[in-house]
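Here come two complexes built around subunit A, the first alongside subunit B, the second alongside subunit C.
What follows is the complex of A and B.
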């Protein structure tokens, strides 16, 4: 908490940006704390445990007990929680429950998932790289042509796509681009250690799936913002002053339509994390989603907890980032109250 | 199964299928999520299809050397292991069967041939064995295989942590193990066993080197050598140039790929990302049998899929009720719809095709009238029972649903309750507590199944069968050295189960896999998926 106290002192004379940030940071830490409790309790109440899963039919009460001891599952819940969270804060994700259940002395979670985390981050970044300009561009397009054929096409198309779950979109894309046209690979198997970016053709369908499943919200938001702004007096004035339409659109309309859209885009990015879990599975992409799904089945609690917590951190961070961007976009928020 | 004096050593010709059994012990339960097969759906792959028998083999042309075979399996995430004594799923088995060797190799006809052991001879009352080991076999690190390696392996198998191998060596007197020469070992037993060799066929008993501890870089004698291992992702292996089977393997390398999603695994095969996929789902197997774009490999096997009734819980305490339920089942219909015909009908006793299987018993058929009369005798007309099922294996829920339908004709109401996969085989939750449920068993030998599920000390006594005189008979059968007398005793053991037991074995399910048309030499094998993992027999054509 000392880290928080310091900026607080600075806020007295500092800009509202800092004060705002500090407030948000405290909120973020609180949110993460609540998330950690929920994750821990949520996984602790899951029926079954790694010991039983690994031992299976051979899980005699004695064998399970021995393993519980090794995994410290015999300690009070609160003690397990604090030791887990303490480790997480210090970057120690703990040992994989399954690894320990199999008799390994150490099975650091990070070693098991680092490669997958990297792969998932790359998939998310590549998707985001397309998602943001596409949302803005298509949203603006629909707004400019509001009520006309282009608008309908964009809106209906994106809404139809978002109405379908990822595994359906993924299967449809595989059907078209692999089974029918045979131009793209239907799976994204990346050899361990390889950079997914060196296999661009394998990323196309997963990225397209994620985009189709996520674009609609951003497009709708940008469109709504733009439509509203385009009708305001200052835009009309700008137009009457003879400014080029492109200049009006990007310099005046877009900038003002952006503020509410940023939040939606941030939410979209957060959503991406969930979408990735399913999409990875459909395309056998070696990412954190595939790992998480198997880990839940294996009751690898430490792994599940750590990955879930990492996801929570990303969520909260994206929210924070979105708030900051909005603040910078909307001058009013930057002025002292 | 094992004839201790089997004269043939594997010759190394490509037609010779040798190598061990499979049939993964289904332990544990795994959660299924978002359309992905659970860890252990792996463990059995019950889906089959297509009517048994005819298997699309992939032989024919002359073997080509070189290249890398890439095979896709349902992965086990971080639970994947290289320890042969703790592995449970086919992907674990695929690695073990290519890194290590067994004492005895299971042949496609379910007989066995010498592997690392040339012969195994018992004393007169089958309480002590002498094993003669194959000389001149080298481990991947150049060390010569010998007596100490076998002794070390058996002791390691017996360690409680190695739960998968413990049952196979439970009858061995560990302290009495002795190397009589560098290639001869004496194995004393705690009780007479006329066929100890049968215990050393299954992949959970394959031989490791003396002193092996953690299996992070396993050293074996098998056709492929360890190269890399990323659990839940991929593992790679290189050809063992000094393999004791002359001329094998044909390819230079082997890659085992974890691909959990069934559709993704099939897509990977169709796209040429992999050359072979284990466990092709039944509907796809049917579809691709006709298109011919891949080879569908179908291997009839003794893998048993069963309903079971707890003989100590009402109403199944009454043998009439148990027999009635068995007579209600239309097995042919169950096989045809629950697993799309990829299996043969079961006859309530397991292990069809294996040594000592009782072939005298007639096939049990559906007989509603007889079932009704037995129920009447038991005072259980209009019986209502609860059947717990789970999607842990393909075909379970389908079979349960159909059985409930079939039961109506006999006035029996079977209420279905679907429970989560992770509790179904979990002894702290539901396993061994359910009165009426389903199960799957690999059957490497009759002895294995009966000791594991029906003997007095059976750890997985699903039917809670307890019968002192039957148990004595079982151990008599195990210990009888004269083949005719042994068969006779085994027949009695099985007859009693057929007349009174709690298992309703409705099918011996096939292994069904998909293989690229470019991959040759993998022949269907009852021991396991993908021709029992015998990648050393396989080669790639252009």
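What follows is the complex of A and C.
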């Protein structure tokens, strides 16, 4: 993508970028392939027969047989796998196993989850919108005041937050802001079809939970990077030249402290995915996380497979994006090895 | 061995240890001082704290304090089992890969890469969909998540040790490979390998508790801090302690372990890399 966006760059310079991108892209595709096998095998290692598990214990052999056929479970495993993955690549997520078990002719997974995917993406974007400036700002603050009270407060606070699982943070927040202060709703039920953004008061606690759970690592990394950069000679020189401290911090120091932080921020976004699954369940937010957990409970094989694969794609893509940004920030990586 | 406890000189490390000891004692021995049976109703459901039930009752009228005192053992026990299993697998694979320098090596590295490219919680959810929810699945799943990175660390440490004189001497004496690995290599890699065991244990606690919270691990009526939170979550307005007390116990445990881990890292870092302690100009 870089090479296309900057066509004027000399080929001599661009080729390592392209080579790097191609290498990473192949790696990502390989990871996705293995992920797809893992997901498929993971859901297929049922002790017993999938159809009877979906249907429950009281199912008649006839019903099990019919569902087997409709879920294509009577075909060889390899064929099931290739037809599932082939469908996925073409945007066909298959039919929900539970839907089929209930006797519906078609129960396309996508129809069941499209609204939830939208809701989850909105939740993630709102969180990221706050997460990135907050981790940069708080990390820089701690670095500038390193060793002083502000630094200790930020460092201890982030150390504590990083240790807490989302459901504990969420429960504590509900205890404080709903039970004691009674200022925010305890659940984030969004009516189907509504845009979550039109219910901002319901988003506050889920977003706060995700932020508290994911900010810490970013803050600590930015702080470490900034502390190091602030000691370098070019920062001292800039200061001695009489540049305003603010200018020195943001123009000189932040830029160089950013490179290692990008990787951590991308990691944070990845953690956000795991965090969103839990946080949505804490607040009964109608997103992909609540859908996934319900599907796992119902043993809805097809739905779990497809949603898991979608999440894996996002995960791997974020990794790729982080590598790309780091490469653009650190010119050294662009030179031929 | 004394150097292992140097982290106690850092105040947050000492506090962390004290907190962890407190929570572990409550988790392991709390049940012996519990005032009530954790599975028997003692009063009106969701009544607030009283002299009969100091933390009130839960949604079925059971004593929250008693369930709290019973509910820690599974949190610590499951996480400990998963961590020990992860180390058992990781040590075996890592030792074999590092000592034999065989073809296992590249496969191991790739596996770790893939595991890192896959959300751990998602891995567990997929596994539970396939194998059903249960304690065994939970322990094996969490061990499987952690084993690859442990084996990578073991492998690196093993590679370093196998070129040492005492290992070569043992090989020259004609000892069998298994004996060399167990007697010469293993004791010498244990310390660096176990450095991050505490953090892995916390991680196991976090993810197992999360799955339990989602209702896909331990099943009611088990007393488990995570389960206590989720089963009373809906009624939080009626007796907030039924949710906050177990949440606070999990919070204390994981924060305590993290404070300790941070202090240990810093106390080790100081002796190895004195440069980083240089005072920072503000």
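As a convention for this text, the second predicted complex is superposed on the first by the 307 of 337 C-alpha atoms of A that agree within 3 Å, B and C clash if a C-alpha of one lies under 4 Å from a C-alpha of the other, contacts with A are read in each partner's own complex, and residues count from 1 in each chain.
As a convention for this text, contacts are C-beta pairs under 8 Å (C-beta built on N, C-alpha and C of every residue); 3 or more make two chains touch, one makes a residue touch a chain.
Keep in mind it's a predicted model, so treat the numbers as computed, not measured.
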| item | value |
| --- | --- |
| Combined model on subunit A where subunit B meets subunit C, clash or fit | clash |
| Partner chain in contact with A:178 - subunit B first, subunit C second, else both or neither | both |
| Touching partner for A:189 - first (subunit B), second (subunit C), both, neither | first |
| Which superposed partner A:107 touches (first subunit B, second subunit C, both, neither) | first |
| Contacts of A:296 with subunit B and subunit C, given as first, second, both or neither | both |
| Partner chain(s) touched by A:304 [first = subunit B, second = subunit C, both, neither] | second |
| Which superposed partner A:98 touches (first subunit B, second subunit C, both, neither) | first |
| Which superposed partner A:115 touches (first subunit B, second subunit C, both, neither) | first |
| Touched partner set for A:282, first subunit B, second subunit C, both or neither | both |
| First, second, both or neither for A:244, with subunit B first and subunit C second | neither |
| Touching both subunit C and subunit B, counted on subunit A across the two superposed complexes | 47, 53, 167, 171, 174, 178, 186, 277-278, 281-282, 293, 295-297, 299-300 |
| Complex interface listing, subunit C residues touching subunit A | 12, 113-114, 117-123, 125-132, 202, 206, 209-210, 213-216, 226, 229-230, 233, 236-237, 240, 243-244, 247-248, 250-251, 254-255, 257-259, 262, 279-282 |
| Subunit C contact footprint on subunit A (complex, rising order) | 27-28, 31, 34-35, 38-39, 41-47, 53, 144-148, 156, 159-160, 162-168, 171-172, 174-175, 178-180, 186, 227, 230-231, 270, 273-274, 277-278, 281-282, 292-293, 295-297, 299-301, 304-305, 308, 311-312, 315-316, 319 |
| Touch list for subunit A against partner subunit B, complex | 47-48, 52-61, 63-64, 96, 98-99, 102-104, 107, 112, 115-116, 167, 171, 174, 178, 185-187, 189, 191-192, 277-278, 281-284, 286, 290-291, 293-300, 303 |
| Of all residues in subunit B, those that touch subunit A in their complex | 25-36, 38-40, 75-79, 81, 83, 86, 88, 160-161, 163-164, 166, 214, 228, 230-234, 257, 259-261, 263-265, 267-268, 270-271, 273-274, 420-423, 425-429, 431, 459-460 |
